[in-house]
Amino acid sequence: MGSMDEPIRVTVWNENFHETSERDGAAMAERYPEGIHGAIARGLGDQLGDRVVTRTATLDQPEHGLTEEVLEQTDVLTWWAHMRHDAVDDAVVQRVQDRVLSGMGLLVLHSGHFSKIFKRLMGTSCSLAWRSADDAELVWTVAPGHPIAEGVPHPIRIPEQEMYGEYFDIPAPDELVFLSTFSGGEVFRSGCTFRRGRGRIFYFSPGDQDFGVYHHPDIQRVLANAVRWAAPEQRSGREAPGLVNRKVPDFVGATPNAEVAR
Amino acid sequence: MGSMDEPIRVTVWNENFHETSERDGAAMAERYPEGIHGAIARGLGDQLGDRVVTRTATLDQPEHGLTEEVLEQTDVLTWWAHMRHDAVDDAVVQRVQDRVLSGMGLLVLHSGHFSKIFKRLMGTSCSLAWRSADDAELVWTVAPGHPIAEGVPHPIRIPEQEMYGEYFDIPAPDELVFLSTFSGGEVFRSGCTFRRGRGRIFYFSPGDQDFGVYHHPDIQRVLANAVRWAAPEQRSGREAPGLVNRKVPDFVGATPNAEVAR
Amino acid sequence: MGSMDEPIRVTVWNENFHETSERDGAAMAERYPEGIHGAIARGLGDQLGDRVVTRTATLDQPEHGLTEEVLEQTDVLTWWAHMRHDAVDDAVVQRVQDRVLSGMGLLVLHSGHFSKIFKRLMGTSCSLAWRSADDAELVWTVAPGHPIAEGVPHPIRIPEQEMYGEYFDIPAPDELVFLSTFSGGEVFRSGCTFRRGRGRIFYFSPGDQDFGVYHHPDIQRVLANAVRWAAPEQRSGREAPGLVNRKVPDFVGATPNAEVAR
Amino acid sequence: MGSMDEPIRVTVWNENFHETSERDGAAMAERYPEGIHGAIARGLGDQLGDRVVTRTATLDQPEHGLTEEVLEQTDVLTWWAHMRHDAVDDAVVQRVQDRVLSGMGLLVLHSGHFSKIFKRLMGTSCSLAWRSADDAELVWTVAPGHPIAEGVPHPIRIPEQEMYGEYFDIPAPDELVFLSTFSGGEVFRSGCTFRRGRGRIFYFSPGDQDFGVYHHPDIQRVLANAVRWAAPEQRSGREAPGLVNRKVPDFVGATPNAEVAR
């Protein structure tokens, strides 16, 4: 477990569409001068210092910036996307899934609920209710002893956010950490953990492109906590679970009593 | 499984304090002429007809109306209490716990979260946040395929209710069925299932004595669904799990290979 | 909930490969004269009588026998497959997934763990350890109050079975009902429930083609219990969860009375 | 989260009965010269070095060695007991429960399943099946990405152990980490996590007094991993969840703009 002393290698992925689109580019440049990915990476650095090293990757890069080499050296991948889910290459999705099953942590953020990788890992539609108005959002902790909730106020107050509401079509989370309410009355399971294979997944919904939520220090704290929680103890040589032919039994000589076994 | 055709025997328990107190008696007589227990029993009958037979029991009866004989003939027990938790005899609490572990269903309602029986079955403080004002409550379904949510609107709207909010100090429920929001912004895990021993437990929070919530048809539907869900298949001779000395192994002759086992 | 009185419509699906192959055909004809699907359907009828109506479907039929019409009229689908997973059309897999999310029950049996539909619903590799020898299998109940375990001995004894062992790469089941041990010393989570969308899924591992396990009355009992558990309350017009734009908030102008709050 | 750099303060508790009894004393002195508590503490030190500081406490000490002061300075408490559960003072049990709900980690070992503190935290009978013979035990990992399983072989092989088998009457664990099989054919959920309040609990069954299991390096590894997993981030000033009267709502006059909702 000495690996706990090495910095966690995080790759912050962003489709980088709003930032570069004609419609949203100007507003995004003001809100997120370094892009959403830049803001997330900066927040992690501010919170975790030398416990983390970050790089960013975007959709427009070759293999979306997620080559085998990059993923091999990634302990935790964060995923932000909204408008361009379909443009993500299936081979890259498969590769990310394999890495998650092998132990790489994955943080899926906000509208990433509809990404190919999240839907594939969940097995459900991942649909939800939404409203883009000026709702206030409160983020309540329902697992106060969970590492991801450490040092987080109860509730986190976000003045303006897109509403995400139930029913959110996901498997029951392994751990439910946060619930959000909105001034319109809706509720959302906004902080959920899932284990898949050897990997840990955290979905966290606050973070619309129209609001500067990733500058919010409490949100940054949640993401930093989640990175630490999701990082695998094993830093190299991780492998996905596979089919095993156990030819040699352990209890050699076991001879079930035919009279009892009927 | 032929027992599914027999009616479910429900005992509706109420501390019956507000109904008989000087302070609240008059208002309760108007709101719940038959007491909270009478209203709950009536609602179950209205929803389930001859699928259910109900009786009521109250704190002031000998052994609180929960003798061995009554519990033996009870498939599902519902529990409403608020002011008189401490007056419940520990021997009765122990008896109810034993019956739950043996398979009897248990519905714990509203302020019953602080009852001895619920705290004993949960192992936690069962504390929560609250506000007695004129909040509106919405009850959202987060497990749409669950039998307890069958035919229930999304959300249930309750015009006036006491606010119960997180953090609710319970073990993570086995299944989270409902989440409630309040107009003040709070959230509560308002419909939770727990399995303990052979028994099924459902906690459901809507139902303050100051509001006529148990006349609400959607609330009645939830309680009726929950009674059906919590009823054990086995209608008699139920026993709690106990210590078993398995002297005779199944795999007689099993001789672990000392060379492999190291 | 009157629908509970109508018979459950079960479609028993089988790839029907071993039964029709040159290598295994003769032995299968002796072991399972009606095919594995025929044996499963017969067992359900024996256990449930007029509570169930069964039909069978096989890989070689048009659309594998799983047309929209058939699935619309199916409350629970059971899935047995082993050698021909890849031959299942992706469009049919998508259709089955949609119906499960809409509320259709699904029983995945034995080597069906590697089927496209199971892997898609789980999001993991679904790999495991195995050994085809003469292991005895014991099936232990770890959720004695679960409807699927009703009337099932503890343990079920299966004289000869293929060994399936951990690590089984699935999400943590919503409910773990059965654990199997093998005379070689291995263990397997052999009875697991999962909720996905509005649908209930049960995976049950006993049932290799080389042994007549589906004639075993305890195994038949488990399958019958599981069919009843997985059947949706809603018998028609089921729909999968979808994206909802909630334009109108519930709490417009919510003004909880801060003054009366005490 | 700087606290992660401070050593974890572990108190290793033992009823210390077998060690001091006329019947078992001599054998125990050979098997565990420093007592079971001494062996556990030594194993933690060997595995974790200066990441941990241990002290021990035993039943015969004043307040069983578990004063308020000791518990205040304890991040993780381990509990071994077998013959003297009833001798533990209820006030101490209450104190330990409060500390767990406040965030102190708790490891319950082997026959500690029947301790007052474990039964109180679980709310069930905690009964099980057992056989004291010469079974071999295999400990299989079913959550390979869990920190408690890090670096642990699959399976752990224990040449001789008391058999503990299902049905184990506990709530469904929040996370099932290990399953044990025995050469007689039984199975046991031998490594289980539970969150209660702010605290993390791990039950781990290998460790009978008649076998030197706590000298087994793989068992020591599990305990060391569990100590790290159970340690709270917050090292002082921990408080149990309590009742909160939220007089002031958050959403006073909440008026989401219905017009801009699109």
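Annotations for the structure displayed:
Per-chain residue numbering starts at 1, and chain names A, B, C and D are given in the order in which the chains are listed.
Keep this in mind: a contact is a pair of C-beta atoms (placed from the backbone, for glycine too) under 8 Å apart; a residue touches a chain by one contact, two chains touch by 3 or more.
No experiment lies behind these values; they were computed from the predicted model shown.
The chain with its CA mean position farthest from that of chain D is C. Two chain pairs, B-C and A-C, are weighed by contacting C-beta pairs, with A-C ahead. Two copies of one sequence, chain B and chain D, touch each other mainly through matching residues, since over half of the numbers at the interface are common to both. Averaged Cα coordinates give chain A a centre that lies 30 Å from the centre of chain C.
Within chain A, the positions touching two or more other chains are listed as 131, 133, 135-136, 138, 143-144, 155, 163, 165, 167, 172, 174-175, 182-186, 195, 197, 241, 250-252, 254-256, 260-261. Taken as a contact graph, the chains are fully connected, with every chain touching every other chain.
Contact residues on chain C toward chain D in their complex (touch as defined above): 136, 138, 140-144, 154-155, 165-168, 172, 175-176, 179-181, 183, 185-187, 189, 247-249, 251-256, 258, 261-262. Against chain D, in their complex, chain A makes its touches with residues 1, 103, 131-136, 138, 143-147, 150-151, 155, 157, 163, 174-175, 182-184, 195, 197-200, 225, 228, 232-234, 241, 250-251, 254, 256.
Chain A meets chain C in the complex at residues 97, 101, 120-125, 127-131, 133, 135, 163, 165, 167, 169, 171-172, 174, 182-186, 194-197, 240-247, 249-252, 254-256, 258, 260-262.
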